[in-house]
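Each structure below is given as structure tokens.
Across the two complexes that follow, chain A remains constant while its partner is chain B and subsequently chain C.
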Partner chain A sequence: MAVQELELTNKKKSTKFSTVKFDENIKEKIEAAPDLVFRDGSRVSGSEMWRFMTTEGPKRYPNLFSKGKNHGFSDDAELISGFRRNYFNTTMYDRLNRFAAKGTPVVFIQGGQTHEPYYAAGGIPIRPGQVNGWATNSKENMDYDEADLRRLQIREIGRQALTVDACQTAKYEIIQNELVQGISIIAPYLCTRCSDIGYGVEAHRHGKVQLPLLPVDFPVNNQQNKPWAREYVAENLRRLVRKIAELSKVEVNDDVLWKEIKLHNEKRRLAREYLDLWWSAPVPPTNSQDHTAIAGLGNESSNDPVAAKQILEESLKEVKERIRNNVKGKNLSDDPVRLFICGSCVNPNPHVVDRAGGVVVGKDDGLSEIFYDVEETGDPYEQLAKTMLSFPYELPTEERGRWVAEQVKKSRADGMIFMYQWGCNFQSAAARLVADVVKKEAGVPTIIIERAMAESAQGQEQLHNRVEVFIEMLRQGKK
Partner chain B sequence: MSKINAFAGVDVGSLGTKAVILVNGEIAGSSLIRTGINSVENGLESLEKALDSANLKKEDLKYIVGTGYGRISAPYANKTITEITCHAKGAHYLHPATRTIIDMGGQDCKAIRVDEEGNVVDFAMNDKCAAGTGRFLEVMANVFKVDISELGPLALKATQVLPVSSTCTVFAESETVSLLARGEKPEDIIIGVHHAIANRIKGLFSRVGIQSDVFFSGGVAKNTGMRKALEEVLEVRIANPKNDPQLVGAIGAAVSAQKLYEKGGNVNQRSA
Partner chain C sequence: MSLETLVKISEAVGRRPEELARARNQGQKVVGWLGYNIPEELIHALGLIPVRLGTGGDGKLVEVGSRYISSKNCVYTRNLVGLFAENTDPYIQNSDLIALDSTCLQLYRVGEIIHYYFNINTLTLGVPRNFFLPEAKKYFQAELEEFAGKLEGFAGKKLDAKSLSESIKLFNGIREKIKNIYKFQSEDSPVITWSEVYNVVHAGYYLDREQYSAYLSELLQELEEKHRNRNIDIEEEEARVLLAGSSIPPGDNKIIKIIEDLGGRIVGDDLWTGILPYLGIDIQESSIKGLADAYLKRVPHGALPYLDLNTDKRLQNLRESIKSNNARGIIYYTLRYCDPYTFKAGETKDVVKQDDVTLLEIHTEYAGSDFEAIRTRVGAFLEMLRSGI
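Here is the complex of A and B:
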């Protein structure tokens, strides 16, 4: 099944949304900022970024530069690192195309885990969400509505090919339908976060496009302190690295892996330092959108950890300055209701949260990924295995719930939202237990919200309604 | 500015648009119209009608709150609030002893717990599926070729409750057609349909709990058969205030408008 091309005779570009226009007042600061340095040593100057974000980008990707009530870049134009992060994210597809053209293995992975083995082996890990973005934006010059429809069509391909409750499984069909070129291998961790990984992998085995398939097995149920489990995962990781290195033709030894581990440890530490600062700030220094995006740089998957680390450092510096000056994130209300979010793949819309008088303080999925460093002694594969097996999100659900309750308290959250995709068998089962533990141990109200996947990006009022009323309820409780 | 202490609440729901005018804390006017395709026009029309019934003009209003799913298109409102909060405020206004609300509207139903001040303390919603909503009853009325207002009285004439599935409107419609073909009495099937909806709502209360007094709001609350089925299934007595239950959200919006104005709400936000 092909994605229908949207070239209707009478179709005019939508004018219902405006295009982001960056304030000329920040131009000087953007141009004066240091070059963004990438993993391959290439650099992009502030002037080049400004030109892309104000000229080339809006022309090629009108959908990404579209601004509506519930979508678009953050309004916090004063956050210079935010502008640079948006540049980094928007140019991701160009980088992926370049990797693909050079024959660098782009590896289809799963979220929530460490990326070191993939990078060390000369690969570029890419999560389902990014695969979807890549496929959607492989067609340029789409307005917001066109891109929204294309996203829905891609999802529908997955549904028709696999199952009605396909979510990320649709991304396997992106490969089968050759909507992106350049993914070389499918190698996700089989951790306990997503009920569709196994299904998607299995479905891929019978497709017409046959890519190498290497799922990394992952023993569940609190095995992090058991030597057999660490050895087992470590062996899986060695196999993974060998396989990707065969494709990349990169020679990998322990030193290469240690170098990668050190880089990612630095990012994890920076992200934790950022979160600690943000959580302890008297007023939230960034809005929900910027906050979650900055924290997310701790385990980025925008295909360049070196540039991501630089932006994280810059964000940390800016946020420290804001906290010193008691600056509040743009569009936040006074004393916003603080929300902790649980679940994978879907989030409350940050624009809706902020407008309703709330702010997102953290996410268990993203926080889990950066919660522990990899110890920098001994065997790197075993240390990676130990850390991966310790990630709180992958622990038995009750333990995950207790860990979330601790983070809820630490982040001074007023309430917790557990959100999952309709059809996600794993997260839907975990939601009630996690919510109950959090309610009991952190003493805050919780809500479980199932997100219907049939919705277009613009048809989510019922979803927003639940988030909004939860914020109203917490606001009344705060008085 | 007008010296009249008037406030309005406009509730643009999926099937009905309601407006209520509050003057000096008392309901002075109201309106209820069928929701059409234009949310802004529906809200404005309902507001105009409510103003007419209160013999007031728009300029007399000090503050307007919009609610319901159509609130995202309510440029005439100074502020928008979710319908859950508005139903809580409206039920509290009409019956201050309310601690639990069953709200059944056109496209969803809600179980809402409130405190002694009418603040929401917990809630659960059933939507994305027409089963358990006003739309479900509309489909059933169509099957029995009666007006929706006749369903409740018919249900009260039943001699037994025939089981009907609560899973899905389409399945339930199919079951109903089969039961009719089998020669079952329409009244017994209709009470079965009402029990199916009540059972659906019972699931919501297993999540948020239930405490007296129980208040029934929304358009479906006009249905006497539904009220009886809920009382039987939930094993509670439902309070019986005199006002139109379909106006509760709009009443809560008007009450909130007054409170917000008294707290110094910004009246300049209104744009139409």
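Here is the complex of A and C:
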């Protein structure tokens, strides 16, 4: 199927959703905030952000600025760092286009792992979901429904090209159909979070677009204390860095990698400090959407770790202030039901959770990737390997379950949802075991929910129903 | 079953559960294993009894297994978990330890699940997914060293060079004999069918390895004699197919039955549960290192991604197998949610097309509900092969 077939008919723009309008009351605070400073030294002022988010952005991306019951930016307009984070994320596609135009290697990766080697080698790592977003939003001026349909069509072409059983195929087709220009190398980690990624990478050897393929192996089964496993992963990482550096023409020595590791360690520490504060707060200081996004900055950098760290610092400062003043996150109920989430690539809809009287307190995937720092001594590759192999999410499932149970207790969660994507062999296989360990060790109710891949964003009523009912059940248990 | 040795093998398989129980009563230990890269030589050299586990084709076990693993796992792994949950399989009942490798990560999950829910004693061997890199060789050597050390602890004895050397010789012999037996089934007017050979391979999962080796020698002798004296009756429009794709373990007879009932002739396979484990193992030195290197260099399992289409040993072997067995088409059998093989179906089709060979993918589960639909497709495919289209 050709790219042109993705073009939609000129249907009338949907009017069922409104466009987000930021309250003029916050304009002054936004404009007064310090510049956001990027890795290359460029800066964006508060005024420029306000202009983009209120004028240019809604015009170019009506879909991203659309507001519905179950989608759209967080309603917590008073959270200034949230506004800035939304600017940072929405402009990611423009930055990616600039990187691609300059010849900076954009690297297709997988989530859940450290990003330092990619950045140190002069590359820009992007996760499958971001590649999807980049491809979807490479076409501007789409309303919410059009963008949703485009996303579904891309996914469907991918499934047809590979197999109906696949979940990550859209990314395959995006590259093979050149729906985005500028991905230079496919080099994800082969960790256990995703069953399709290894075969998705392999499939490119047969495609018309030939790119370098270099997955980084991730040996399974409690390998963090085995010196030979660390050496093996370290050597894979050296190979990865050499290959990306060849493309970027950046000279990478240990000092460069240490500098990157230190930056990412700082981000991880900030995210852990944020989570500890949030978990111990008498009332949740942010809603589910903002909370998940802030914690996510500990690992995810939306292609600029320097700017991501700044936003994380600003978020931490604001959240501290809220906790001091006992401010509750916007749209949260009093004493919300606290949910811990497990699984990858998918979350319960935060709007639904909050509206049903719940709040998401954490997720094993996101927490795992910030749980340990990379030790700043010795060989940087071996230290990176040791940290990667220690991430709790990648440990044998029983151990992962025990670790989750600890986090459930620490975050004072009332229940745990294990959610996985349709077709995800690895997470679905771990779901019951993790849930049973958590139930036993933490004493909270658990539920396993499968999310159908083929659903449109608006076709997820059954998914929402299950989440709402689980919250309701937990609410009754709290009484 | 006109071959006397086949009758003997079948009877020996029938006696085997009782033999194993007796051996255990006498203090011997049985290691049931699952996977692709477990060197049986190692288990055998330590005086342990190796038994390859795993059956398929049982819808009830699939349902039982799904309660622990999930409906998004391949039907073979669900069937396996069901086997452990029900615990009626005599080979599982008689296993003192379950050894697995992480070649297929869904099987790795099976190991975790049976350990947690059924208190099964398991031992896992790590397998590098970037198996083609030089650093992978070093890693796998160390992993196998550790695995061997744990097996030694389980056996209560140290591995000695002489025993290992003898075991390697025994298993090299078995591999050679199996390859030779396979050659007979693809001949014109064959004296043994592919299905019969497949059953012989599966008998090797269970039988005492020395006894099995002796049976294979006997079978080869009988085959050579019968082959010399056979009447050649060439069917001009034979639909000669090669079976490839996901595993087809003992008990999963759906596709085999359909092909044979429709008059198709299977002339070879490219299966993990068939000939593949016997190919390309060249053990250069009698040591753990020698075993590790040889197992890593063999025809790889589809679960290990390989990045260069032109040097992929799995595809090279498939193409050679088509040629040597004079197959006209491939039935590529994929189990639902068996990603390693379903992802490769389209690519494999394109690759074999270069040799003017057509490929039919059958994507299915163990349930019988699609039996007729598969029958229609296979029937049309076989007809097409017969007509030379």
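In this section, the second predicted complex is superposed on the first by the 470 of 479 C-alpha atoms of A that agree within 3 Å, B and C clash if a C-alpha of one lies under 4 Å from a C-alpha of the other, contacts with A are read in each partner's own complex, and residues count from 1 in each chain.
Here, a residue touches a chain if its C-beta (ideal position, glycine included) is under 8 Å from a C-beta of that chain, and two chains touch if they have at least 3 such contacts.
Note that the coordinates shown come from a computational prediction; the quantities given were computed from them, not determined experimentally.
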item	value
Fit or clash - chain C, chain B, common chain A	fit
Partner chain in contact with A:Asn236 - chain B first, chain C second, else both or neither	second
Partner chain in contact with A:Leu190 - chain B first, chain C second, else both or neither	second
Partner chain in contact with A:Ser428 - chain B first, chain C second, else both or neither	second
Chain C versus chain B, contacts on chain A by residue	C
Chain B versus chain C as contact partner of A:Trp228, first or second or both or neither	second
Which of chain B and chain C A:Arg466 touches, first, second, both or neither	first
Which of chain B and chain C A:Pro396 touches, first, second, both or neither	second
Touching partner for A:Pro215 - first (chain B), second (chain C), both, neither	second
First (chain B), second (chain C), both or neither touched by A:Val201	second
Smallest distance from any CA atom of chain C to any CA atom of chain B, in Å, after fitting	5
Touching both chain C and chain B, counted on chain A across the two superposed complexes	422, 450
Residues on chain C engaged by chain A in the complex (per definition of touch)	67-74, 77, 102, 105-106, 108-109, 112-113, 115-117, 124, 126, 128-130, 133, 135-136, 138-139, 142-143, 146, 305-309, 336-340, 342-347, 350, 363
Chain A residues touching chain C - in the complex, by the definition given at the top	161-166, 190, 192, 195-196, 198-203, 205-206, 213-221, 223, 226, 228-229, 231-232, 235-236, 239, 396-398, 420, 422-426, 428-433, 436-437, 450
Residue numbers on chain B that touch chain A, as the complex places them	69, 72, 81-85, 108, 119-123, 125, 127-128
Contacting residues of chain A [partner chain B, same complex]	422, 445, 450, 452, 461-462, 465-466, 468-469, 472-473, 476-477
